[in-house]
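So, here come the structures, one by one.
Next, two complexes with chain A in common: one pairs it with chain B, the other with chain C.
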Partner chain A sequence: MEVRLALALCVVLCGTLCGRSLSEGTRRRAAALRGIIEAVRRLRVRMTGMFEPVQGALQRADCPLFAAVAEAMSGGRSAGEAWDGIRAKAGRRGGPAEFLLEADRETLTQLFDGLGQSGREEQDLLLGSALESLEALHAAARAKAGEADRLYVPLGLLIGLMLALIVI
Partner chain B sequence: MGILDRLAALMPGDVAKEMRARWGELAEVRLRAGRPAQLLWTGGEALCGGAVDAERLRRIAAAMMDYSLYARESELNQGYFTMDDGSRVGVCGRFARDKEGWRLTEIGSVCVRVARPVSGCADAVMEAVDGKGGLKSTLILSRPGMGKTTLLRDIARQLSGAGRRVGLVDERHEMAACMRGVPTLDVGPRTDVMDGCPKPLAIATMIRAMAPEVIVADEIGGEGDARALADAARCGVAVVASAHAGDIGQAMARPMLRAALLEGAFQTAVLLGSRPGSIREICPMGGGGAAWKYA
Partner chain C sequence: MEVDFVFRIAGIGVIVTVIAQLLTRAGRDDIAMLATLSGLLIVLLMVVNQISDFFTSIRSLFSL
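Here is the complex of A and B:
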């Protein structure tokens, strides 16, 4: 009897964890967007406040995705061309853009395409506009992550309990 | 990547090939929208390749600025920017006026002046600058493109190597070609560099903070320069500077230079010749001493 109870408990736990892992992707997307937003803020200070060139500013923005773009600029490419070159690879498993959706990547494309291509005032507007778009995406991602947690975790728990009843 | 490789990578294939063939003597590369590229070297020039279209020119200029136009905006609005290696790129095009002044809005042509340090080119003038009588404030005069900056750089290097504390005022980033404040060209082991700072502010700050024995500055003649130089002289700091003028008479015709000359800011003048790097005459200013003449 104790063995069955222990097994039932494991089944319930597994069900709950499965539910949680289903919502993990949405949570990681929200976290990734948060990181990018902070990096864009740092980029704005370095570029429009300290007049640091794009490649160096991207390298020092403390963001793996931006560092990857900076490295891709080393062949004499603009930020937009560099992002275009690494976009697909960055979105794969283990890449710095793994958890980003197409809408997120499109916002980044608009940012990188314009980075460094105009004067200080226009760059400030570009970075400000990118921050607004990213904040909106982040807010939506957080809401979705909350919904996913509220849906999948209890669902996983419920399925776990049902299976546990069968075991018992 | 060296400057040749970097420039050649940006150019159309036939222009890049010609550049590599003439690299040892190449002085300028000029690109004009809708026209062939022009290469200039000592004693010659040539048009090469097909017409460079406006979009290609814009991309080349953007690449030369490391795709960071905003970081070069104040220079661009004065019609130039400086590459990382110290090569100055003159820019022509369409200007428009906004609330902050004149802005370059479209690039029509660029002129890359290849920075080429020439170690030892100042040998002939060092006795006049820092000889038996000690340091003498020296003014180097020539028309554009005759090697004033190259000469100044070597003077700074040699003075620094001889034990002098040198303050280098590099407002246009050409003499030391600093990267994040650190010189990439050899300006001597005892040289402090103020990079990108207006000359009056740089000279005053250096005197206060770095106690230089000599200040080296390129292209004086702007507002405030004369006063700053006179202040330096009153503080016992020698100045070695350059200015655009064919001779002392032409220098005196420029109000700001005239003010500096009349205040006795300089004790020696070096007049460059009609070939890049040639020295026409070294003469004392303010009376006395022998003048050395060169062909």
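Here is the complex of A and C:
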């Protein structure tokens, strides 16, 4: 009887953890976007305030994704070309852009394509516009993460309970 | 039929209802419908053996 009860508890716990891991992806996307927004703010200060070149500013923006783009820029490539080159790899498991969706990557493509291609005022506008788009995406991602937390964790728990009832 | 079995079916019914409500509130009506139908199917599969035993008992009782 105790063994059956323990097994039932294990099944319920597994269901809950499965639900939690399903909602994890949405939470990580929101956190990744937050990190990128902070990095773009730092980039804006370095490029338009301190007149740093693009590659150096990306390197010092304290963001793994931007650091990867800066590294890919060695060899005289522009930020846009560097991002194009590493985009697929960055989106894979364990990459800096793993949890980003296509819409997020498109926004970053627009940003990187324009980086270092015009004067100070235009760069400021570009970075400001990118920040706005990223903030909107982050707000949507946070809402979705909250929704996923409220849905998937209880759903996992209930399915675990049902399996425990059926099987044990 | 054991009483446990009835309670198990009742428990599954309650859980499926709560799952369907949760999914409906999240705007996933189609998945809620699927969940309800799946719950129904699971209970029917559990009950089908009992129904079969019931008919066998009736047949043997009335020598049909």
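Definition applied: the second predicted complex is superposed on the first by the 166 of 168 C-alpha atoms of A that agree within 3 Å, B and C clash if a C-alpha of one lies under 4 Å from a C-alpha of the other, contacts with A are read in each partner's own complex, and residues count from 1 in each chain.
One rule holds for everything that comes next: a residue touches a chain if its C-beta (ideal position, glycine included) is under 8 Å from a C-beta of that chain, and two chains touch if they have at least 3 such contacts.
All figures in this text were calculated on a predicted structure; none of them were measured in a lab.
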| item | value |
| --- | --- |
| Chain B versus chain C as contact partner of A:91, first or second or both or neither | neither |
| Which of chain B and chain C A:25 touches, first, second, both or neither | neither |
| Partner touching more residues of chain A, whether chain B or chain C | B |
| Partner chain(s) touched by A:64 [first = chain B, second = chain C, both, neither] | neither |
| First (chain B), second (chain C), both or neither touched by A:35 | neither |
| Touching partner for A:155 - first (chain B), second (chain C), both, neither | second |
| Chain B versus chain C as contact partner of A:146, first or second or both or neither | neither |
| Residues of chain A that lie at the interface with chain B and also at the interface with chain C | none |
| Chain A contact footprint on chain C (complex, rising order) | 8, 11-12, 15-16, 18-19, 22-23, 26, 39, 42, 46 |
| Chain C-touching residues of chain A, taken from the complex the two chains share | 147, 150-151, 154-155, 158-159, 161-162, 165-166 |
| Residue ranges of chain A in contact with chain B within the complex | 47-48, 51-55, 73, 76, 78-79, 115-120, 122-123 |
| Residues of chain B that touch chain A when the two form their complex | 6, 9-10, 62-63, 66-71, 73, 103 |
